[in-house]
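What follows is a short report on a single structure.
Letters A, B, C and D name the chains as they come in the text, with residue numbers starting at 1 for each one.
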Amino acid sequence: MSIDLSVNIGALKLKNPVLLASGTVGYGNEIAQFTDLSKLGGIVTKSLSLKPRKGNPPQRIVETPSGMLNAIGLANVGVEVFIKEKIPFLKELNTTLICNIAASTIEEYVECVNILKGEETIKAFEINVSCPNVKEGGLEFGNDINAVGRITEKVRAATNKPIIIKLSPNVSRISDFAKTVKQNGGDAVSAINTLVGTSFDINTRRPKIKNVTGGLSGPAIKPIALAKVLEIKRNVDIPIIGIGGIMNWKDAVEFMIVGASAIQLGTVNFINPNAGVEILQGLEEYCRKNSIEKLSSLTGSYQI
Amino acid sequence: MSIDLSVNIGALKLKNPVLLASGTVGYGNEIAQFTDLSKLGGIVTKSLSLKPRKGNPPQRIVETPSGMLNAIGLANVGVEVFIKEKIPFLKELNTTLICNIAASTIEEYVECVNILKGEETIKAFEINVSCPNVKEGGLEFGNDINAVGRITEKVRAATNKPIIIKLSPNVSRISDFAKTVKQNGGDAVSAINTLVGTSFDINTRRPKIKNVTGGLSGPAIKPIALAKVLEIKRNVDIPIIGIGGIMNWKDAVEFMIVGASAIQLGTVNFINPNAGVEILQGLEEYCRKNSIEKLSSLTGSYQI
Amino acid sequence: MYIEKAKVESIEKINEQTFLLKLFSPSIASSAKPGQFCNVKVSERTDPLLRRPFSICNVEGESIYFLFDIHGEGTKLLSHKKFEDEIEILGPLGKGFVYDGSYETAVIVAGGLGTAPFPFLINRLSKDKKVAAFVGARSKNLVLQHGLKNISVATDDGSVGFHGTVVDLLKKEISSIAKNKFRIFGCGPNPMMKALQKYAMENNFDCQISVEAAMACGFGICQGCPIEASDGESYLLVCKDGPVFDAKKVKI
Amino acid sequence: MYIEKAKVESIEKINEQTFLLKLFSPSIASSAKPGQFCNVKVSERTDPLLRRPFSICNVEGESIYFLFDIHGEGTKLLSHKKFEDEIEILGPLGKGFVYDGSYETAVIVAGGLGTAPFPFLINRLSKDKKVAAFVGARSKNLVLQHGLKNISVATDDGSVGFHGTVVDLLKKEISSIAKNKFRIFGCGPNPMMKALQKYAMENNFDCQISVEAAMACGFGICQGCPIEASDGESYLLVCKDGPVFDAKKVKI
C-alpha cells in the first residue's frame, strides 16, 4: 500500500506533516549533519527580526522535570544577513522553508515580511507573537487579542504567501485568538509556543535563568498543548500546526487526532536530531498497520 | 539553634508552612495511616459542595510525563455529611483544618460558608474558583476576573474567618486576579490549581479521560507554578500559598524564595504519603545549615 | 499499611514475558491478606511518576512475591531490578478475598496475569478446601500456572487446552464440581471479569472478582479509581473498597 | 558527527567519586580530536530530559573514554551503567585544542574534573613535545592524575602538594619551564579558567582554555550556551565555537 503523507495547511502544500520548530533547528546547517532534512515536510527558521539580535546573557537554559526553560532572547542574524548567508544553503535543502518572524511593533512585522517576501525559497511566514511588545508597555502581543488581530491583518495585506500565526498558550481561551486570526485573513495557526516558567537556585536565591523567566517546552507541556489544539479544533475552522512536547511518532499521531494538520518538533531535536525522520517513518508504519491511505485523514479524527 | 517554623497567612497562624492540598488528602483519615498529620502546618479538605457529588465516571486519571491529569469531578460528601462524619476525626488531628469549597453559583459559595463557618475546627476557607459557572454559560469562574472579585466580596461578607482564594493558572495575568482578591477583602491566594490538559489513546482515538480534559499536576508544572507565584509576589501585596509540583524540601524552599508564605503538597502525596513530614524535616535542616532563624524570612527573598 | 524499602531477593523470568519478583518485606509479609495489592515505586525520577499496583502473589516467611508482565515503561523498569536493589513499596492495600465460609471448593478463574493473587489465596485456604483452577491465556506460551493446582487451561487460539475463553471453559466444566458447594474467585482483565460476573449472577453463584482500574494513590485519597456500585447511585473505589468485590456489588 | 549507540566495555571507579567509562564507539573514536566532547543520553525516559556533555578523555582503537563525577541525577544514572549496556552518544562535538605549532612544552592546567580531556591531548601531542601537568583539587582524595605525566599537584586544603589553587602553583612554577617556548592548555571550573585567563593575558602567554556552559543540544541549534566574545559585541557558542577558546577571544 502506498500511503499519501502529504498535507495542506491552507494554501501551503507539504510533502508530509513533520516540521522542525522555530528556534530548535537554527537555519538548518548544523542539524543537517545528523539528519536528512530533505525527507521532512519542512523547517521553520529561528525567529528573525529586522536587525540582528545578540540575545540574552547566559544562563539561557535550564532543565526541569521532563522539560526545559529557555530565554534565548531571540538571538538571530537579522533578515538581511539571513537572505545573504542562510538562504543559499536552505535553497539546496529540498524541503519547505517557513520563515518565522518576531518583532516588537506591528510595523516591524510588516517590514520584515516585505523584505523577505521576494525570496522564492520562503514558502510561508510564521508570525511569532510571543515577544515582548516594546511599544505597548512590554506586555506580550500574544496575550492581547486585538494586537494579534491587527498583526494578522497587516501582514496579510503585505503578502500573498501563507501566513501562520504562532499562538501563545499563556491565555485563558486560545480558540478566541485562533478565531481572530481567521477573521483577519490568517491561513493557519501554530499551537503552542512555550509556557512562562521559572526556576531558582535555592543557595544563591537567584533565578537559574538570567532573564528570570523562560519558556517551558518539552514533554512536560504535551498535555497542555494537546488541550489547546483540541480547543481550537472544536471551536474554529482553521488549519492547526500542533507543537509541544512531541518526542515520538505516537505523540505526533495524538496531535493529529486532536486536530493538527501538521506538527512541529522542538525540544526533541536537541536530544535526538534525527527525530523528525524517525517520526515520519513511525507515522507511515502506523498508517500501514491501520490501513490509513491518507495520513491527513487523521486530522481531527478524535472520537469524543 | 531552635528554628521558628511558624508562618502567618494574614490572620491565619500555622505552626509551619507545610499544608496538604485539596483533593489529594481526602478528609485526612486514609493518609493518616502513613504519616503523622499533627506535625504538619495543616490540611485542606477535598473541595466540598452544598450537595454530595458522585463525581465523574472513570477513567478519571492518567499519567503524563512527570505529571498526571485528573478529572475527578469534585466527588465529595457534601457539607452536611462532612460536618457529621468527617469533622469528628479531623478535630482530633491536632493540625490546622482549612475547608475548601467549590460551587457553581456565587450564592452556593456563600451558603456553604454559612453552613460551615460555625464549626470551630475549621480555621479558614479556601475557595476553589476553578469550577464551571453554571449560570454564566459553563465558563470557569477562575478565568473571569469579575466573578472572582464578586465571589471574594460575598464570601468575605459572610465570615470573619480567613479566606484564601485558590487561583486558576489558565489565565494571562494571574497577578490581576490576586489584586482583585485583595481589593475585595480576601486574606490570601493559593497558586496554582491544575492546568487544563488532555491525552488521547491513539488506537481508539478516544480521550484517555472520560471527561475529555483534566487538570495537569505534578513536577511537570512546577516551573509554571513558580512563575505564577513570582508574578503575584512582584505585583501584589498579599500572602501566597504556593502549590504545584512540589516533590521535596528543595522545591518547597524554591516556592518560598519566589514568594510563598506557605506551600501545599498535592500529587506527591500519592507517591509518598509521608512527603509532608519529610519536607518539613528538610526545611528545618536547610534553615539550620544556613543559620536561618525564622523560616518565614525565606518568603520572597529572591535575589533578582 | 506500610511504606517499606524492600530488597530484591530474586527476580526470575518464568515465561517469555512474565517475571516473578521476590522481595524482603517483613511488615507487609506479616500483615497481607490474599487479594490485596501493593503500590510499587518503579523509578527514583519523576518519569514515570506514579507507583504501579501489583497483586501480592504470595507470602513466604518475611518475603513477598509479585508476578508481572512487561506492559509499558514502568514494568520494564521493574524487570531491570537486580538482586539486592531496593524497591519502595506501599501496602498491603485494599480489601482481599473473603475466603472463609462453608463452601467446599474454591473455583479459581484467572485470565492472563490474573493468576497473580491466587498462589497466596491457595496457601491460606484451610486445608479441607478443594481447589479447581481455570486459567486462560491468549496462547500456549502465555499460560501461567505458577502456584496453582488442579488446573484446567483455556487458550484463545486453542494452542493448548480448551479453545475459547476461560469463562466458557468454566461453564463447560462447572457441572463436575457443581455437586459440591463452591465459591468462585476471579481475577483478570475487566472484560473477562464482566463475563464471569454475568455468568455467576445468572446462576446465582457465590462469586468474588478482582478488578483493575487506573490508580494514582492506591489507598483512597485521590478518588481516581471509581467503579460504579450496582445500584448505579454511587461509586466505590477500586483501591480501597476493592480490588476484590462480591460480583453482585459492582457494575463493571 | 555521529549518533552512536555505544556499548559499555568497562566502568571503573578510579577514586571515591570519579568513574572512568570505556565505550565501544568506532565512528566517534576515529574522528575525535583532543578537547572535543560528546553529548550523552543518560536515560531512556524524559526525566532527566537533556543529554549531558562530557569531554572525550581518551581514544584507544575503536573505544573512547569518559571521566566523570557523580554530580546530580544524570551522572548518577550514568554511574549505574554496566558492562554491555548501550549508551547513546552524540559526537564528536565542538572545536578541540589547537596543539600543533612550534612550542616545546605543553603546560596542562587542570582543576577537578578538568583533567578529563588531557589524556587524549597528551596521546596526540607530537613526540618531541614535553608535558608539564598542573592539577588542582579540593583535597588529596580528589586529585585526578589519570593519564597525565610530569605532574605537580595543588590542593585547596593543602592535604597534598602545594597549598592553594592550581593557578597559584602555576605562577610559582612557571619560571622553571619559562625558558622553553610553551603553550598553556587549561580546563576546569569557570572561575579557575577566569583566573588562568587573567594570568595568561597579563603575561602574554599562549593559552587555550576549555570552558563549561549549560547546554541543551551541544551542536549549535538551541543557542543555549553563549559566551561573550572579548569585543563584548557578540556571543559565541560554547558547544560549537568552543568549548576550547584562545584565552584572548572570550570573556568568562
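Here is the rule we go by: a contact is a pair of C-beta atoms (placed from the backbone, for glycine too) under 8 Å apart; a residue touches a chain by one contact, two chains touch by 3 or more.
Since we're looking at a predicted model, the values are computed, not measured.
*Asks:* Which chains contact both chain A and chain D?
*Replies:* Per touch definition, common to chain A and chain D: B, C.
*Asks:* Can you name the chains that touch chain B as well as chain D?
*Replies:* Under the touch definition, chain B and chain D have A, C as mutual neighbours.
*Asks:* When all chain pairs are ranked by how many C-beta pairs they have in contact, which pair ranks first?
*Replies:* Pair with the most C-beta pairs in contact: A-B.
*Asks:* Which chain has its C-alpha centroid farthest away from the centroid of chain B?
*Replies:* Centre of mass proxy via C-alpha means gives D as farthest from chain B.
*Asks:* Round to the nearest whole Å and give the separation of the Cα centres of chain C and chain D.
*Replies:* 53
*Asks:* Using mean CA coordinates as chain centres, what's the chain B-chain C distance in Å?
*Replies:* That gives a centre separation of 36 Å.
*Asks:* Rounded to a whole Å, what is the gap between the Cα centroids of chain A and chain C?
*Replies:* Roughly 47 Å, centre to centre.
*Asks:* Could you please state the distance in Å, as a whole number, between where the Cα atoms of chain A are centred and where those of chain B are centred?
*Replies:* So the centroids are 34 Å from each other.
*Asks:* What parts of chain C, by residue number, touch at least two of the other chains?
*Replies:* 46-48, in rising order.
*Asks:* Chain B: which residues touch two or more other chains?
*Replies:* Only 65-67, 218-220 qualify.
*Asks:* Please categorise the chain-chain contact pattern as a line, ring, star, complete graph or other.
*Replies:* Drawn as a graph, the chains make a fully connected set, so complete.
*Asks:* Residues of chain A touching chain D in their complex?
*Replies:* Touching chain D from chain A are residues 23-26, 30-31, 33-34, 46, 54-55, 57-63, 65-68, 70, 72, 75, 218-220, 247, 267, 269-274.
*Asks:* Write out the stretch or stretches of chain D touching chain A in their complex.
*Replies:* Against chain A, the touching part of chain D is residues 1, 3, 41, 46-51, 90, 213-228, 233-235, 240.
*Asks:* Using the touch rule from the top, collect the residues of chain D that touch chain B in their complex.
*Replies:* By the definition above, chain D touches chain B via 46-47.
*Asks:* What does chain A use to touch chain C in their complex?
*Replies:* On the chain A side, the touching residues are 65-66, 219.
*Asks:* If we count contacts the way the header does, which residues on chain A are in touch with chain B in the complex?
*Replies:* These residues of chain A touch chain B: 64-67, 69, 143, 170-173, 195-200, 202, 204-207, 212-214, 216, 218-224, 226-227, 230, 245, 250, 253-254, 257-258, 286, 301-304.
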